[in-house]
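Letters A, B, C and D name the chains as they come in the text, with residue numbers starting at 1 for each one.
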Amino acid sequence: MSFPLLTATAALPALGAVLTAAVPAARHTAAKWLALVFSLATLGLAALVAVRFDPGGARYQLTESHAWIADFGVRYELGVDGIGVALIALTALLIPFVILAGWHDADPDQQSNRRWRPTQGFFALILAVEAMVILSFEATDVFLFYILFEAMLIPMYFLIGGFGDRAHSGSDENAAAQRSYAAVKFLLYNLVGGLIMLAAVIGLYVVAGNFSLTEIAEARAAGDLTMATNTERWLFLGFFFAFAVKAPLWPLHTWLPNAMGEATAPVAVLITAVVDKVGTFAMLRFCLQLFPEASKWATPVIVVLALVSIIYGALLAVGQRDIKRLVAYASISHFGFIILGIFAMTSQGQSGATLYMVNHGISTAVLMLVAGFLITRRGSRLIADYGGVQKVAPILAGTFLIGGLATLSLPGLAPFVSEFLVLVGTFARYPAAGIVATVGIVLAALYVLVLYQRTMTGPVKPEVRSLPDLKARELAVVAPLIALLVLLGVFPKPLTEIVDPAVRHTMSDVQQQDPRPEVEAAK
Amino acid sequence: MNPVNYLYLAALLFTIGATGVLIRRNAIVVFMCVELMLNACNLAFVAFSRMHGNLDGQIIAFFTMVVAAAEVVVGLAIIVSLFRSRHSASVDDASLMKL
Amino acid sequence: MENLIALLVAAPLLGAAVLLCGGRRLDRYGHLLGTVLAAASFVIGAVLFFDMLGRGAEERALYQTLFAWVPVEGFQANIAFQLDQLSMTFVLLISGVGTLIHVYSIGYMEHDERRRRFFGYLNLFLAAMLLLVLADNYLLLYFGWEGVGLASYLLIGFWQHKPSAATAAKKAFLVNRVGDIGLSIAIMLMFTTFGTFTFGPVFQELDGAGEGTLNAIALMLLLAACGKSAQVPLQSWLGDAMEGPTPVSALIHAATMVTAGVYLITRSGAIFNAAPDAQLVVVVVGAVTLLFGAIVGCAKDDIKKALAGSTMSQIGYMVLAAGLGPIGYVFAIMHLVTHGFFKAGLFLGAGSVMHAMNDEVDMRKYGGLRKYMPVTFVTFGLGYLAIIGFPGLSGFWSKDKIIEAAFAKGGAEGWILGAVTLLGAGITAYYMTRVMLMTFFGEKRWQPAPAADAATDVEPSADHHPGELPHPHESPKSMTVPMIVLAFGSVFAGALFSFNSSFVHWLEPVTRFEHGHPPVGAAVITTATVVVLLIGAGIAYAQYGRKPVPVTAPRGSLLTRAARRDLLQDDFNHVVLVRGGEHLTRSLVYLDHSLVDGVVNGTAASVGGLSGRLRKLQNGFARSYALSMFGGTAVLIAATLLMRGV
Amino acid sequence: MSTAAVLSAPAVHSLWTTAAEPVDKIPAPTIEYAQLAPILIVVGAAVLGILLEAFVPRRARYHAQLFLAVVGLAAAFAATVGLAASGHASTQARIAAMGAIAVDGPALFLQGTILLTALVAVFTFAERRLDPAHHGHRVDSFAAEAAAVPGSEHEKSAVKAGFTTTEVFPLALFAVAGMLVFPAANDLLTLFIALEVFSLPLYLLCAVARRKRLMSQEAAVKYFLLGAFSSAFLLFGIALLYGYAGSVSYARIADVVDGAVTDVDPALASTMGNDVLLLIGFALLLTGLLFKVGAVPFHMWTPDVYQGAPTPVTGFTAAATKVAAFGAMLRLLYVVLPGLTWDWRPVMWGVAIVTMLGGAVVAITQTDIKRLLAYSSIAHAGFILAGVIAATPEGVSSVLFYLAAYSFVTIGAFAVVTLVRDAGGEATHLSQWAGLGRRSPLVAAVFAVFLLAFAGIPLTSGFSGKFAVFKAAAEGGAGALVVVGVIASAIAAFFYIRVIVLMFFSEPKPEGPTVAVPSPLTMTAIGVGVAVTLVLGLAPQYFLDLAGSAGTFVR
């Protein structure tokens, strides 16, 4: 038996979480370093996964399979395809930066008692989320995936509710109340989604008798397993609902602005850049693969919802007065693009959607983390409280602008590639949808530039006059991410190479072919 | 006499007992009504026993009496201690816990 | 040789990267580095140009593929360049004028503490613009297209502390984005139609596509061109873009970037030729903008805005010419190049004047400057003569050809277009004469410099002395030399291009060329043009040369007032788009909270309310609990019996 | 117990027919002592406990009783394991005590669960470190002298003398004995007797709280009256079934219901034809059992009793009663009335739905942690009912698994409740729990684990159980029930989360309660709860196998 690399990649951060949590209260700095070291080691393992992965090889690689709960037809089955590798890499990559960015977010205050160890808890929870997210990208057993899908809510919930932003728009009690409202909303939305999925998971078992993604897919392809049309549709809806809540898709999105607004910036990044990706990833892997017919059946509605998300999210972003909520609504718009790409059922769309997941993760991380640095300095999330920051903190403003430009999909930065692929892929199948989605890029420019203009330009407000520019630690967080944005914007080939074969498989799962160009079709 | 009539009587007694439980306030009386219900059961047992021509029902009736006696012991102990604390045996007065 | 192409882009890109990431330690040499790298690009361009001249007309194009950019199943986009005569023309224009403006900026931005960054942005612009014209496919072109948009955004808003500059920058980017939708959709259409968006294959496969599709593609490309080239209806950003430093206006908003739309249409000539309906729209857009810009230019008192109106108008000429098809492409590009010289020169002249006048832009507060700034006056004057089409100067050669081509369109259309272009020439003469007279002639109307406005946080520049009258002086060498070079271009470029139809022959392999046959003789048209421009100039002289110019603008006619407000287009935008948009977003924010969230919260609340009511059943009375049990039993019995139907 | 032997149908018959003949010798009933060992050990321990109460000096009683109870329960558990190991759960399953008691898989599994639960509960009964010592005497949760009037001189002197109600141990043992018999009962009379044997001690246990005695007594009265009321229904149901089948033996009734009897006399023929007897009798019988499991609308005693009873007793009642009652219900529905499946399933559907939704909905607005847990237990009863409804062997084993998982979480949760105290005893109002996570992160975290398990979050036993039950229900054709269950779970999640929010995200109040440091007894109880919760959540396979192999009833 070979070394269980995939398990190790997930187990390492889990181990890190346990060890971090166990650090004595007085040694909270040690806890941070420990967490950072573990996250970097995880990144190393993730890199190893990427290296060991052979784009031309089998669909699922580095597979592991062990008996687990035979009674439920559940096995501990892992395996990655290109999409999984890309997202594991994203997760492992972002966590060290999240940790570094949140370095002081959970420092204990003086008067808290000795048993309350916020720092240890904060970093342990982040690592726990990392472990679960990575494992969920690796799971090829539906049940295993479901368990992780649900279980990761708990550490996220504590991260949102327990370590809220110290900057807020109201009084202290108000902030605590809002934060716990946001955490509860996050948990309940996702839990409801998850429970509905649970019903579908059980239904799937009743129909298929086991939870192995590969086995079910093979049986379906071979005709050994047939689902009644209605059954398949109901099951699909059950799965999709959960993923749509997580993603989030309009109109199930309202938890995201609250959660991202109230959480600290690194946690907000964790939500939108990492955890939410599990939802879109699962649409691509589970919805399409398990229920190809129902996926096709539901596509028109989902495409419309995705379009609404794109436009609606962008318009609401324009209307926000709170920086972090603005970024949250922008993310909703972007998730619309991802979902649109997935359900366009073209290779460009799905490759684009996968790339989009990665790129959106990085670009939002830049924008959100810089916004977090800014907010921590000034102690307010309200756009109106800023002005002229560019003058006093040019590097901060510059990095913020780059994050914003990535968000509006400027060519040369990574999100452009993915967004364009999604648009092209959508347009090829649904021209009208492609055109409507294109409007989203104008609105993206609007909310990004309005945000930049109001916060960074114009006369320097007295309150921001003494804001320091980015410190070395903060620059160390942002600079590599920006470099990555540029690299993936100009040379995304390493990513497309591993994603492409996986998308081909998915396309054949749903028995879809790309529409042929008009000229060729005519010949 | 038609054995079914005994059953009707048993059902009647049972219903009277149940109604008593629902409408009487005094815990002792409520408890007596429960006893009445148990005795209605006994009547039914005995009647059925006779109908079927086996002894099971009659033996059960004895058991029921024993159980009823045990219930009296426990019940009265509880009710009496409640009465001594509250100087009232009304079940409606004992409503500290609600909602 | 083709390996040099990438260097064209790489040189300024390197400059941008070094200058923008380098930090303060580069402040002292940054501008020089930027200028040298811009010049390097020009030198490489020149080398490639002479190399190109050495080959036969049909073998001149060079290709270079760097690497696969977005290789996805069925979708192949490369970072690959195509350097043909059309691209070469632009490369020389961009890097040439760009270098001059770098030089000019050394002096112009001398006192700005963020000069290094300014040069970084300029280099970024050059790189993006070169990428735009060198791309061998539409997606890479789009890369450059947005890249110049970004550079334009950064440079318009360079003085970010001024809210007006920040707003103008944002507006420019946004309006351009609207145009970009067109380019995106055009690329998508090409992809679904041809399976590719590389120039060569697309143009070869055109026969296989339906005319409707081609019209759609062409119209989308036109939309993109309208955004970038400030054509009606997306012209509104250009006037505001004058908030940027003047060298920026000269380079980006006069000579190069704004002409990218013309490049796009010319580059896609094959598509437009196959889409006559779309071509008609192109012509109409060009004609409308031509007059629109000219009228706006007549009413503006801000020297840069007047020139901006002129730019719009001149690009209108180019677009119109490009819309005429093979009879016009060459002249569109020719006018583009000559316009690049004289308009850049005019802007630099304007910048020189502003530099001397405490950054005053209102021409009503100039007057009589010819004596104080002789070099500026002469170079500006030559540019003026060139733009109005004074016979023999550059503008004459290129504009005259366009007017001819417009008449040659034939039929009623030909007459209408010809008339419009002629009228435009007259108006051009009018407003340019007005600018000339108000600035350099007449008596001094100088005003004391306003006190530095604390609210806008403008730092006083070195020669900014609040409360004093300006002391106009000639600008330093670094500024005047580029102006002189451009003046040479303004004077001689047209003749050079027209000599032996050299420009036509140069571009013909790329754009194709057909001789137009105007209904009247060329000489007649030329004469008419000269007459019209004399009339225009004469009216202007009558209004502004003979009478003193009031320092405060008179109220003016309805048209004048409308023209001052950009023919009310901004008001329309404000009311419909800005206000409407604000209402829309505000109501959506409200709806998101009350409706989308409200449904969920309402459900939660109603469950909670139900809970509260059900809770009341638990009233603490043992007897009611017993009743519940009794009732439950009854229901249970009834249900059981009912099930059986007993 | 030996009397039950007389009732086995053939024996009675011969007795009846030979009554007139001279009696040479009375045929002695056969009792399989070994197979009944768990029950007998517990009964013996209980009886011994009474004797201890009578003869052991007061100061030694606590330790003696505790020792006896623990040893008795542990021995009984060992006996259960031994029986299961020797195949009595599967191949050797048979009916013992002349037809009165079944020794088979479900019975042994449930008995084992009850015994373990009881063992843990006894630990919490014995906890004496939570309250400060009174007059130098350590005190537990039970009144010094339950008979004394609250606040009277009599009570004070009892407290001063250091009296304790050590009777709770034998009472608990009797209750356990009844619970052991309840799911194993193989005739209706044994069922009834077992019901009373475990109910009556519980009524008393509810009444003996040391603090808040009025509430304790009120809880006892309510529990007693309603319990007696329900057992009357049960008994009348038994009477009707007896009338229908002419026997109270499960096997016989099942045969009569199926029409599989050969010796039909005219009386039986006439009653057999009367399905009304059967159906009403069944409905009444079900009423009695649904009361014990706390299903809507027979649930209303639950919150009041859970709140008023001493918390260790609440935990014990909540966990063990549910196990026993569901065990009996399973046997009744699967062994006695499989022929009525089409009659009882729709009714049970209805009950399950209103129970799941009712419990979850009303719990939302609760303000007392014990009442909240009570409503939660109601909702859980609904989930378990969904498994019962499956009417398949998987349904049985899923319910067995769920019960095992649920009971340990429940006992653990109530054990944590005993720790959070202020001057007035346990601080059960939710507002007092605000900020607990900051004061005592560990206790709060443990309680959060229990709450998450109640909510059915993956990686806890609650999820495994819920999944097993819902899976069985779906496979058994009750997909719609699963959907309702999912909705109810979602509603339920809300209030579990509310408590977690309160503990972790609210600022602690300065005058808030303190968390007592318990003795190893309670720590063990809580530790076992956490361990079982996590083990059954992460690696439930062994226990699922166990429950699966124990899924067949002997008939």
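In this section, contacts are C-beta pairs under 8 Å (C-beta built on N, C-alpha and C of every residue); 3 or more make two chains touch, one makes a residue touch a chain.
Here's who's who by UniProt: A = NADH-quinone oxidoreductase subunit M; B = NADH-quinone oxidoreductase subunit K; C = NADH-quinone oxidoreductase subunit L.
Fair warning: this is a prediction, and the values are worked out from it, not measured in the lab.
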Result of counting contacting C-beta pairs for B-D and A-D, higher pair: B-D
Closest chain to the centre of mass proxy, which here is the mean CA position: A
Interchain centroid distance [CA atoms averaged], chain A/chain D, Å: 45
Centroid distance [mean C-alpha coordinates] between chain D and chain B, Å: 24
Chain centre separation (chain C, chain D; CA means) in Å: 80
Rounded Å distance between chain A and chain B, as computed from the means of their C-alpha atoms: 65
Shared-contact residues (touching 2 or more other chains) in chain C: 615, 618, 620, 622, 626
Touching two or more other chains - residue numbers and ranges from chain B: 18, 21, 30, 91, 94-98
Those chain pairs that satisfy the touch definition: A-C, A-D, B-C, B-D, C-D
Touching residues (chain side chain B, partner chain D) in the complex: 7, 10, 14, 17-18, 21, 27, 30-31, 34, 37-38, 40-41, 44-45, 47-48, 51-57, 59-60, 63-64, 67, 70-71, 74-75, 77-79, 81-82, 84-86, 91, 94-98
Residues of chain D that touch chain C when the two form their complex: 221-222, 225-226, 229-230, 233, 275-276, 279-280, 282-284, 286-287, 290-291, 296-298, 300-301, 303-304, 342-344, 346-347, 350-351, 358, 361-366, 491, 494
Chain D contact footprint on chain C (complex, rising order): 604, 607-608, 610-612, 614-615, 617-618, 620, 622, 624-626, 628-629, 631-633, 635-637, 639-641, 643-644, 646
Complex interface listing, chain D residues touching chain B: 3, 6-7, 9, 12-13, 15-16, 146-147, 149-150, 189, 192-193, 196, 200, 203-204, 207, 213-215, 217-222, 224-225, 228-229, 232-233, 235-236, 238-240, 242-243, 246-248, 265, 267-268, 271, 303-304, 307-308, 371
List of chain C residues in touch with chain B within their complex: 615-616, 618-623, 626-627, 630
